[in-house]
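I'd like to ask some things about the structure below.
Chain naming follows the written order as A, B, C, D, E and F, and within any one chain the residues start at number 1.
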Amino acid sequence: MAIPLTLYTLVSLPFVVALLIAVSGTHQRSLHAGLAAAGSAIGFALIVSVAGRVTGGEILAVTTPWVPAIGLDISLMIDPLGLMFAGLILGIGLLVMIFSHFYLGKGEATARFYASLMLFQGAMLGIVISGNVLMLLIFWELTSLSSFLLIGFWQHKAEARQGARMALAITGGGGLVLIAGMLLLGITAGSFDLLTILQSGDVIQASPLYPVILVLILIGCFTKSAQFPFHFWLPHAMAAPTPVSAYLHSATMVKAGVFLLARLWPVLSGTDLYTIIVTSVGLITMTFGAWVALFRHDLKSILAYSTISQLGLLVMLLGFSIKMAAVAAVFHIINHAAFKAALFMSAGIVDHETGTRDIRRLGGLAKVMPVTAIIVTLAAAAMAGLPPLGGFISKEMMLDETLEVGLFGLPWLVPVIATIAATLSVGYSLRLAVHLFFGSARDPEPYARAHDPGFGMWASPALLVIIAVLLGFAPMLLAGPLVVSVASAVIGGEAPEPGLALWHGVNLALGMSLFAVAIGVLLLWRHGPLLRWYEAMRHLDAKSLFQSTLTSADTVVRKLIVATHSPSLQRMLLATFAVIVLLIIEGALTGGGSFTGTRAGLAASPVAIGAWLLLIAATGAVIYAERQRFIALIYISVIGLIIALAFVHLSAPDLALTQISVEVVTILLLLLALNLMPKKPPVLSSAPQRWRDALLAITGGLGVGGAAWAMLTRNPNDPISSYHLAKSYSGGGGTNVVNVTLVDFRAFDTLGEIIVLGIAGLAIFALLDTTSRGAAGARLRSWQEDMPHSPERHPVMFVMSTRILLPLVLAAGIYIFLRGHNEPGGGFIAALVVAIAFLLQYLASGFDWTDARRRVGEHFMIAFGVLVAMATGLGSLVFGANFLASAFDYYTLPLVGEFELATALLFDIGVFAVVFGAVMMALQQLSHIAQRAARAHAAQLDADGEEGSP
Amino acid sequence: MRRVIPHPGLSVLLVIFWLLMANSLSFGGLLIGIIIGIVLPIFTAPFWPGRPNVRHRAGFVYLAIVLWDIVTANFEVAAIILFKRNRHLKPAWLVIPIELTSPEAITVLAGTISLTPGTVSSDVSSCGNYLLVHALDSPEPEADIARIKTRYEARLKKVFA
Amino acid sequence: MTLEFLVASAIGVLTAGGIYMILRGRTFQVVLGLTLFSYAVNLFLFASGRLTVNRPPIWSKTVTEYADPLPQALVLTAIVITFGMTAFAVVLALRSFLETGSDQVDGDIAPCDANAKNTKAER
Amino acid sequence: MSLTAHLAIAPVVIPALAAPIALLVMRRRRHLGIGLSFASCALMLVAALVLLNASADGTIRTYELGDWPAPFGIVLVVDRLSAIMLTLAASLSLIAMIHAVLTRADRKGWHFHPLFQFQMLGLNGAFLTGDLFNLFVFFEVLLIASYGLMLHGQGPVRLKAGVQYVIVNIVGSSLFLIALGLLYALTGTLNMADMGLRVAEIGPDDQGLLRVAALLLVSVFALKAAVVPLHLWLPRTYAVTTPAVAALFAIMTKVGVYSIIRVVPQVFGDGAGAAAWAPAPYLLPAAIITTIVGFAGVFVARTLSEQAAYAIIGSTGTLLIAVAGWQVETLTAALYYLVHSTLAGAALFLVADVVARRRASFGNSASPGPAFAQRQLAGLLFMAAAIAATGLPPLSGFIGKLLILESVAGLPGWGWSWAAILASTLIGVIGFARTGSVIFWKDADHKNAEHKDAGHQDAGHNDAGHRDEAEPVIALRRDMIAPVIAIALLTALSVGAGWATAYAGEAAAQILDNNATVRAVLGEG
Amino acid sequence: MTALPLIAEIVTSLMIIIGAGFALIGSWGLVRLPTLMERLHGPTKATTLGLGGMLIGSMLYFQLFEGRWSAHELLITLFLFITAPISANMIAKVHLHDLRDRRVPITKGPAGAPPKAPGESDWATYEAPHPKSAARTSEE
Amino acid sequence: MIEYAVIFGFVCLTLALALNLWRLLKGPSIGDRIVALDTMVINAIATIVLIGIAQASDTFFEAALLLAMVGFIGTVAYCKFMLRGDIIE
């Protein structure tokens, strides 16, 4: 197979298999396991197939550009380091898949399980064979996500959910920090290509950003590899099914941090900062983990802490920045993967067969579970670093290297602590084997049930233990070339000859090792008293610390968010106005320039001053009478009237017309609504609030008024409207420039504007049509008129006058419509006038009377109007012109004389129809609500009654 | 003809209205005015059930009298506002029995009373046979009632015969 | 006293009145406030064409000076749009009052809080 | 002139015809109306894609409405940015429409389809216009339609929220007009390209006024974009809205962002004197705070729809962090992330609905309820949407965030930007993990299961007695189609990230190249 | 303008002055008259003669000074003749309603409370018009 | 001479509007306020007509006409509200 194909197949196979499993149905246990195992096996075979070339010094790489903008390529690369990890991931993966099949019960959701597991496998594989660090980051976060799913697999268990979330928070969060670090790394190196970065060690270490990069990346690695103080998620991840723990939380995922440390070793290591941080974190973790492991009772918890400890060991070794230590680390990675996965699977077996993982309830199981006992004992021996197993060799190498490192200027510090950690390791390892399998049964119940599992279940751990044993007997043969080539890849140069052998002669390391074993045995012997002493101590529970931190963060943030975001319109508006006012002030101060411009003012006439006084007084009156809503409304109409007068005075006849007619309709709307609302609500805001609002209002008023003053006292800047004035008659066929602007120059605006009105009409209809139902209907039915009312509904004078007014006002409306193009008026104003003519009938003769005489529905009017306007616009396309282009011409008829026909008039018909429809819709829907609601309710009751009867 | 122009008076009114709106006399304008004068009464007919027939000559006489009364009465009321002290004012409620039967006629009468200053039509009785009028200064209410009945109501009866 | 001053100060007063009313916390007052505010805004937009007396933008061969027609067209559009918005706001204010029995713009249960009583942070 | 020359107007014409026709046919022939509405969305997408393709070569197409020359008439401008926005809007509309129809949400009140089409009309118009006042008009179109849609289905909470939403936006629109007035008074024009030229000639005496106008205008856009502290209107509004509508609303805040991207470089660019890049110093801090506040909201929110609403705020903040850089690279990142975050937000709302529809009275609140139909599948959808919303791999959010992080690196305040983006991602992840694990993993104990009180009900649901209230228990997965499409689009956006970022990059370059726009709009002169 | 007959100028000015004067007098009446019913007479002045004078002035002005025949001012008069009585009537009804039904503290005014309508009926403000009465309209 | 008449007219109308305002604010009854508003509308019509004379323009005629046509609706609606609450029933 060609290399690119191999690599792409390798990385995509697990995902494809995951997908296959996910869609293969829920009750296909064996198929799921089979697919997963086959996928892993094929992957493993692919790895094996390229192993020779890779260990031979060839780097297999393939790159396809993906997002060049950020330097993210689909880049895969297998070098010996990647090869080793890929082999572990796929090899152990295969064993785990097989083991899982026997481990998982009948009712388990195997599809989800294997799909997630394969998802993880793909992600993990991606990390180790990424050739681009951004790719690596993607896979990195994917492992966190899949691990979240796997830890939470038994979703009904609270500890599973919590463990999953905690793992996600820590490893995912660490991943985010890693992103920052990697991005900085790539930016500093000038590329995100891994090989380029690996060759840029000097540049990076010389960069002022190096400490930042280092710390960020280390946090990413430490969180993933459960290094102190981020270790606490790992024990809680043990809520996952045991195969998951074996796979993710011992052999692979937790090694991702170690992998990345190794991967970036040439780039990051070698500085004092690196050595100090990494070594001490590793050292602390190694010791701490081992210490805690000694006192745990849950088998998986023991193994989890032992994993933490072993990971600390690896981190420490990589932290030494010594080549030989790196070699030791590589060898120990292999050892640890073998014995730890075996131990986890065995723990699963014990759990499976005895129903408990509590070491205090187990004991003497060797008699009933001899095979398991052998496996565990051998694996534990490897973990303890006892000869003749592989663990012994790597521990010797480790102890040997500690002698080379001085930390904080103390040459003895690292060796002494490392020896202590080794001692503790011996202690918990021996305890695991001895307390489980030897001595007497502490609890008869699990003992009675216990027996060895079938071959399928113990085959996988057995194989792993055999490897662990062989790694001790024939390390050079089995692992030598691999370790050398991997170590060379880590170091980025020639690795020193590891000299893997059980016997290196009598040296200090051997002494330390012997000491560790001796004291370790002692620890086991005196475990009881030690445990009582340990349990008497107060322990900081990282989980509850994490939980309580999260809870209190949640509480505090929630309080803050709820306090600030409780839906308060007043707060929203205060914020808005405050921001605006501040920005106006800022803009004016920063921008500079004078407040008053140079434009000469117009002298105010007495009537203007009078009207101004009226307006100010009426505005004040509105504020004063604020809660007496009806009176405030009367004052508002005075303001509207004055503004209409102002438009007249200031040469804006169209605006005056619009203002007058809109005002009338608005008042009717407000009165209709006010009828059903409180007329004089109680005071709501306190005096300080009112002062605060008044202050803001005055500032806002000063700002906007000031801006208006500044604007008005400046000369215009050659406005585009001179074109409109010049072209109105010649190009638009009308002398009323405002109208020509509306229906021609800016007809597109007008189209939007009528659509706004049309939508308002529809939305109002939608809003009010439901008023007879639910709470509103009930409230309306029980509504008590809050004012004494006159019994007369339709005063005769009013009614009769409106009947003569109707044709007259309609005629006026038609007139205003027709001449709008040349004189003040137009479709909009005409529509309002006509609407008002009909509203008068509603007002005088009542809803039912008038509604019965209505011929065209408002919905139709709105739709028709929009369509007419659109058709006018599209009509011009037929003539090869752009949308909404107008045409007009003058015609002469005998007797009639010259007259003009303009498409703009057609457009105005559309405007008319929409505006009329919308206005009528709004007012009609709003009127007579209570009575209509009652009627609708009665009709509903009738309908229900009929339905009920046969 | 009746079908096309059911209410010639209204139609003429609309034509005049249209010409006044246009504020000019042109054939084109007249044409549109006539169209409107024909169409609008038909279109609005449902909104005015039982449009009464009006005697036009009587109507014009009535209109002339009312206009004259408006002018003269205005001066009287202006004098009252300007020169008469509140305590010398003799406002009164006038209850005017009416014989008109159509709501249109009652409305015109009430409107006339309101337009001629010094009196405001305030209400109609629920049976429709009395008009409540407020007079600004009416030392002799009976005389005012009689004046209204003879001067306006009697003439209106002829208009809305 | 110039017309410019009258208009500018009127805009200022209407804005202040509008803002104050909008901050009152009951739907009807808020709608009245919006009406005041929109008067101010329409005047402001109108004023962007500067003030002109006795020169309405009705084109004629003999006239050379006109008021700026563009802001007038814009204000017309704005008035129409504001009308639509106000109408909707009024109806919504009423509808909301009928549904909830309160005309206050605030002080309602937040869905946030309504659900909170059933939802404790998981332990 | 061939019909293709009129293509620019198509995104406006299509919904403007579809809406009234749907309004007319809907009462009698409901399916015809729905079909029309669908067809309109599909046609809009086709038109948008054609424009997207046509703009790829860098041509800026203009369309002078009524054949009035710019700057005197209104002109539509189709450049890459417009094309991207149009395509996004049309895609989103199809998703929202599918969901609304399949879940029958469109039947829970009047006029859903006409309002929906009008909403699209407003959006498309806003994305196309080159005229500032016309932008205002289309803002109003999309707002009034959004009021109608937001209240679709009604119920007390929605009405109460609607009051606030409407009033805040009316105030915002008024402020828009004030800014417009100032700008017209100073420049004498409304055409954005022309305005960009004219601001450069404004004298020193008028600089203060110009800056006021610039700040005012941008703060109106910021209000629409829900930038802290102008964001308070959003959480409840979006959380209580009909989910299909909320999904469409995911693009509403982006309209504000779009306007900032469109207007600031063109009008308040380098030549604008005191107003040059006027909002820039405030944009970055505001964006950073918005990001944090948004995801803090995700962290503490107790319902999925609320989380989605806060996620919208947070993603807008993130987006604006990039915008605030005003470089080709940062705008590239912004545009890519804009598209992503819109789809992601929509996906969240839709998934929230999928959940709410299956959990009866438990709605989408993060409280353990009984197991429900297709729980695993729903959970998977939720996970995908949450991954997208927080910006985790493998979906496009991750690429978007990488783009932003890389592009802002080295710019002033970039450390804060990085910290905000990464920290907000983490708190978002924790928040989503919590609600997700409760809803999809945790089973109610018996005490909780019996405790179904009314306050529990998802606010978005109708009050009792509404005609469509009593729907049968969901057995079909049809309501999962829309979210799946949204997630598929996000996947496509990841896979095609190379192409997408390249297009965004060219769009960004075009945005910052004022001369090109001026040449296209105002001619060579 | 010098070519114009002085008399035209005088008449026009007079009409304007009369119109404005009556408007002022009507508004003054609104302020000084004792209660609502009396005040209601004030606006009818402004309506009829005040505005009428102004409109005649306007017609004359355009006729005499601008040389345009202008009569559309008559339309304003027409509308006011129709609408002013309605306004007055409705306001009077509000007053009557206030007096008897609303029990708001209101001075009855020099004319006192209105007398009850003779016979069986009451005023329409207090009693819905009888089914066959001319005062009853628009009921279906 | 007409100029003086117009100025006199403006002064009268301004005073008239001010008097209307006084009544509007003073009340005391709602009816009084409505009368004041109604009168104000009529005075506004007169003002518009006078502006037309002063500017020798009939551009504003429509405004005056419209006010005459629809200005009373406010008055009537306010009254109807006081009488019946529901203005369209």
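Following the convention adopted for this analysis, a residue touches a chain if its C-beta (ideal position, glycine included) is under 8 Å from a C-beta of that chain, and two chains touch if they have at least 3 such contacts.
Note that the structure is predicted; figures quoted are calculated from it, not measured.
Novice: Considering only chains that satisfy the touch condition with chain A, which of them also satisfy it with chain D?
Specialist: Intersection of chain A and chain D contact lists gives C.
Novice: Pick the pair with more C-beta contacts: B-E or A-C?
Specialist: A-C
Novice: Where the centre means the average of the CA atoms, what chain is farthest from chain B?
Specialist: A
Novice: CA centre of chain C versus CA centre of chain D: separation in Å?
Specialist: Centres of chain C and chain D (C-alpha means) sit 25 Å apart.
Novice: Round to the nearest whole Å and give the separation of the Cα centres of chain C and chain E.
Specialist: 34
Novice: Taking each chain's centre as the mean of its CA atoms, how far is chain D from chain F in angstrom?
Specialist: One centre to the other, that is 48 Å.
Novice: Using CA atom averages as chain centres, what separation in Å is found between chain B and chain F?
Specialist: Computed value for the inter-centroid distance: 22 Å.
Novice: Give me the residue numbers in chain D that touch at least two other chains, ranges are fine.
Specialist: 133, 137, 140, 144, 147, 151, 154, 156, 160, 163-164, 167, 171, 178, 181-182, 184-185, 190, 235-236, 434, 437-438, 442
Novice: Which parts of chain F, given as residue numbers and ranges, touch two or more other chains?
Specialist: In chain F, the residues touching two or more other chains are 10-11, 13, 15, 17, 30, 34, 58-59, 61, 65, 69, 71, 76, 80, 82-83.
Novice: At least two other chains touched by the same residue of chain A: list those residues.
Specialist: 158, 161, 554, 562, 565, 567-569, 571, 573, 577, 609, 633, 647, 649, 653, 674, 704, 707, 711, 716, 719-721, 724, 745-746, 749, 753, 756, 759-760, 763, 767, 774-775, 787, 789-790, 792-793, 795-801, 804-805, 808, 812, 823-824, 845-846, in rising order.
Novice: Spell out the part of chain F that touches chain E in their complex, as residue ranges.
Specialist: Chain F reaches chain E through residues 1-2, 4-6, 8-13, 15-17, 19-20, 22-23, 28-32, 34-36, 38-39, 42-43, 45-46, 49-50, 52-53, 56, 58, 61, 64-65, 68-69, 71-72, 75-76, 79-80, 82-83.
Novice: Considering the complex alone, what residue numbers of chain A touch chain C?
Specialist: Answer in residue numbers: 158, 161-162, 547, 551, 554-555, 562, 565-571, 573-574, 577, 599, 601-604, 608-609, 612, 615-616, 619-620, 622-623, 626-627, 629, 632-633, 636, 639-640, 643, 646-647, 649-655, 658-659, 662, 665-666, 669-670, 673-674, 676-678, 681, 684-685, 693-694, 696-698, 700-709, 711-713, 715-716, 719-721, 724-725, 728-729, 734-738, 741-742, 745-746, 749-750, 753-754, 756-757, 759-760, 763-764, 767-768, 771, 774-776, 779-780, 822-824, 828, 915, 918, 922, 925-926, 929.
Novice: Quick one: in the complex, what on chain A touches chain E?
Specialist: 787-801, 804-805, 808, 812, 844-846, 848-849, 852
Novice: Which of the residues in chain C end up touching chain F in this complex?
Specialist: Counting only chain C, the residues touching chain F are 53-54, 56, 58.
Novice: Going by the contact rule set out above, which residues of chain A touch chain D in the complex?
Specialist: Residues of chain A touching chain D: 65-72, 109, 112, 134, 137-139, 141-142, 145, 148, 152, 155-156, 158, 160-161, 164-165, 168-169, 172-173, 176-177, 179-180, 183-184, 187, 550, 553-554, 557-558, 560-562, 564-565, 567-569, 571-573, 575-577, 579-580, 583-584, 586-594, 597, 704, 707, 710-711, 714, 716-721, 723-724, 727, 744-749, 751-753, 755-756, 758-760, 762-763, 765-767, 769-770, 773-775, 859-860, 862-864, 866-867, 870, 873-874, 876-877, 880-886.
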